[in-house]
Amino acid sequence: MNRPWLLWLPLAVVAFIGGLAIYGLVVPKDDMVHSAMVGRKLPEFALPPATVGIEGLSNRDLADGKPRLLNIFASWCIPCKAEAPYLDALKKSGAEIDAIAIRDKPEDVAAFLAEFGNPFRRIGSDSEMAVQLKLGSSGVPETYVVGGDGTILYQHIGDIRAEHVPMLLEKLREAQ
Amino acid sequence: MIAETGLAALWLAAAMALLQLVGGLTLLRGEGKLTPLIKPAALVQGALCVVSFASLMWLFYVTDLSVLLVASNSHIDKPLIFKLAGTWGNHEGSMLLWVSVLSLSGAAIALLEKRIDTRTLNATLAVQAFVALGFFAFLLFSSNPFERLVPAPVEGAGLNPLLQDIGLAFHPPTLYIGYVGLSVAFSFAVAAMLTRQVGPAFARAMRPWVLGAWIFLTVGITAGSYWAYYELGWGGWWFWDPVENASLMPWLAATALLHSVSVLATRNALRAWTIMLALVAFAMSMAGTFLVRSGILTSVHAFAVDPERGSFILALMLMYTSLAFLVFATRIGTVKQGEPFQIVSREGGIVANNIFLSVILAIVLIGTLYPLAAEAMGDKISVGPPYFNKATAPIALLLMVALLLGPMLRWRRDDLKRHKYWLVGFFAISLWTGVAIWRFVPGVGIFPILGLALSLALAVAAWVPLKGRKLLRTPLPVFGMVIAHFGLAVSVFGMAAESGFSRETLTALAPGESAKVADWQVKLDDVRPVVGDNWVAIEGQLIARKGGKKFTLRPQSRQFYRPEQQTSEAALLTRWNGQLYAVIAQPDENGDGRWQVRLWWKPFVTFIWFGGLLVALGGAIALLGRMFRRPKKPAVNKWARV
Amino acid sequence: MRFSFFVACALLLVAVPQMSFGQGSGPTPELANRQLGDPAQEKAATQVMHALRCIQCQGQSIADSDAPMAATMRAEVRQQIADGKKPDAIRQWMIERYGEWVSFEPDMKGSGLLLWAAPLLLLFLGLFMARGLFRRKS
């Protein structure tokens, strides 16, 4: 063989694949699907009320000049129950929260609110997940920080925990 | 008691492997005192592994729930055949199967191999033992199959219902036997490099192992594809899923190796390629084993994902492949050039075959690892069927073209003009078929058209090597080649027909309503509940009519309990020219009570797997032909000086 | 070994924010499981569906998945095809929502370029490496 460098090519490939594999094993996988809509305006939507006594939600309600939080939740979602106290804490600190309930029945939503509290101003019902698709949301719960002009500023995937509360409040403040 | 016996046998087998390794190392420095022990140690290792595996199988047979593995993977209510299949239907058991087949192969080599010199034989056994040792360590320190569970549970956790299938029960063993056969080829290749005996003798010794492994891999992949087709309920037969790719890559390497090793055995050419392919084939089978168990790639087929186990296998794989490639880089330069040949020759055809197969292998490898590499760079992308199909199809078609001509060419050098009538004929068949389809069937893509055209030409071309021969005097390996190549044509025909001409109808039916798919009229007669061993289902009665004939299809939507899982059992109606594939799904709660029915008419789809089996059959015929060759008087060894 | 593995899993569950995937109940969008009237349109829609990844699954396309989000995406694809949008535009629309990850076919520009160039590059590499094997015609 008159091309010695070629002989070392297989070893180089093994080293590369080995490095890749070690990376794959060591670095924890980020399995979350992030929305690519962050930084863009909210899509157009108008959702009916999720339950009796609450108003439905449209994108115009979220673009009225005041930055707010948009919480995607469902009564059948277990982490949503866990994050309820933190949503409450956010509300008490002055954050305004609207919500979208995914694939939910009015009576289940009412029961959920009765049991875990209602920090929401408006709750839209997205029973076919169509608005969830438009937002680039991949599951529940998720919380978006929406600017006063209706721009999506930040997406928090998963339930809100104690450590996330100050961070979300800070993001709302930045949006003013 | 049995479990402890199995574990003890495993430890002793590991000790035997260690003995062979040490013996091999002393061998490299000249004859050591341990060298005569290598062969017997290999035999004992094989026997001990049989004892160990048999013990595990016995524990599953009696469902001994005091053993952790049995408790986690079996259930007292499981049907017997699936209880037994449960022995290898889990990580630890499958590793024990792997190491047992590995050891048995070593024993077989020690017992039966007479063609190569003793030094290379001992080196081969030592390398084989080295490979086995890694897996023994894995089993004994990290994945002990005989671990006890105290207190023993009453029932067991049950097998995954998707695995309660006869096809899937045999799919892992066939693949493992394939991978182990490739490890034998690896051992031969490394040993030959170490003892500087890379020549026809070593190729002849390695060839049956490559052939045997390749046959099992072909059957394993074909069976796996068919299982996915009828079990997963969506009518697809290949998804380019990482686990599927993990089994395809060794097969591609093994196919190239098979052709290469034949050239080395008979023509003393392609030495470096043969060695390289033997190393790559084993590396691919180890990479596949790693990918599937480590969890670094997302897969529908993912099972027993555990990064800790993944790390162990990765370490083994990196150790074996880098040592082997190191030996390759330093030693292959001393291997003299084999006999030269021209581009237009049988050898040239096989080189083309090797190049095309290797390119497809590289594409599949790159595509499978790309998302991981991109993630390391911060990008999140997906690589799926649209990429793999578009990237590999052109190369595969080029391979088919090479197959039309290759087997006809003479060794060393040939002239295309000699074959011009055949070439014109094949070109004519392809052109006529392609134009006919394009003209009369609208909307068929270019790849299916080319695939159909070339497969028809290949179906004829495959038989050309038999022309002019006295058939009863033709050696079996030639028949093997012909049938295997013909099988490939059949399989590609099926693939092209299915991809180009399938028809799907998706509809909601109430009992009494009908739908149409291709030429079939399908009516939903009735839907009723059905109960099985450990499942309940709703079963649809579909009556399919075509041209006056009437058939019944009964697709089911099954709900398993323990563990809870919902599966769809497709109903298949097989005719000579295709399959009718029906799936039924539970209706929407808020819908109008109609049942979701999905129907496909897939023309010639069965040819895919029938062709695959023909390919394996061709290989089996060739293997038999070599194993039972009438012993001739020893020919003058023209390649005595290697 | 097994115990520590379970402990690790439990810790992981506690440490990482959790999500629930597609349960609940609701109507399935009509176009999720109903074919378009025009066969050519349906064929185009099917091709797009096979090239889009299901968000909530382990690597299936939305054509092959039973997940609710996949149903919503299928309905969206069919609707957009019926409205006259081109397949590539629909792919882009989905990518605008979920990123490149949702498309099974990597983009030709940027990181995907190497992938698409690979077959040709590898072919040339193979032919180049094989040059040394052949005897020159004397």
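Each chain gets a letter, A, B and C, in the order it is written, and its residues are counted from 1.
Just so it is clear, a contact is a pair of C-beta atoms (placed from the backbone, for glycine too) under 8 Å apart; a residue touches a chain by one contact, two chains touch by 3 or more.
Keep in mind it's a predicted model, so treat the numbers as computed, not measured.
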{"item": "Longest centre-to-centre distance from chain C, chain (CA-based)", "value": "B"}
{"item": "Which of A-C and A-B has more C-beta contact pairs", "value": "A-C"}
{"item": "Separation of chain B from chain C, taking each centre as the mean of its C-alpha atoms, in whole Å", "value": "25"}
{"item": "Centre distance in Å when chain A and chain B are each reduced to the mean of their C-alpha atoms", "value": "42"}
{"item": "Between chain C and chain A, distance of the C-alpha-averaged centres to the nearest whole Å", "value": "21"}
{"item": "Chain C residues counted as touching two or more neighbouring chains", "value": "25-28, 99, 101-102"}
{"item": "For chain A, residues that touch 2 or more chains besides their own", "value": "1, 34"}
{"item": "In chain B, residues with contacts to at least two other chains", "value": "380"}
{"item": "In the complex with chain A, residue positions of chain B that touch it", "value": "272, 276, 279-280, 283, 287, 290, 294, 296-297, 307, 310-311, 314, 318, 321-322, 325-326, 328-329, 332-333, 369, 372-373, 376, 380"}
{"item": "Chain C partner contacts - residues on chain B that touch it in the complex", "value": "68, 142, 147, 232, 234, 236, 239, 241-242, 269-270, 273, 298-300, 302, 306, 308, 340-343, 348, 351, 355-356, 358-359, 362-363, 366-367, 370, 374, 377, 379-387, 391-392, 394-395, 443, 504-508, 585, 588-591, 596"}
{"item": "In the complex with chain A, residue positions of chain C that touch it", "value": "16-29, 55-56, 68-69, 72-73, 75-76, 95-99, 101-102, 129, 132"}
{"item": "Residues of chain A touching chain B in the complex", "value": "1, 4, 7-8, 10-11, 14-15, 17-18, 20-25, 27, 29-30, 34"}
{"item": "Touching residues on chain A, where the partner in the complex is chain C", "value": "1-3, 6, 32-37, 40, 74-80, 82, 102-105, 127-130, 132-136, 138-142, 156-161"}
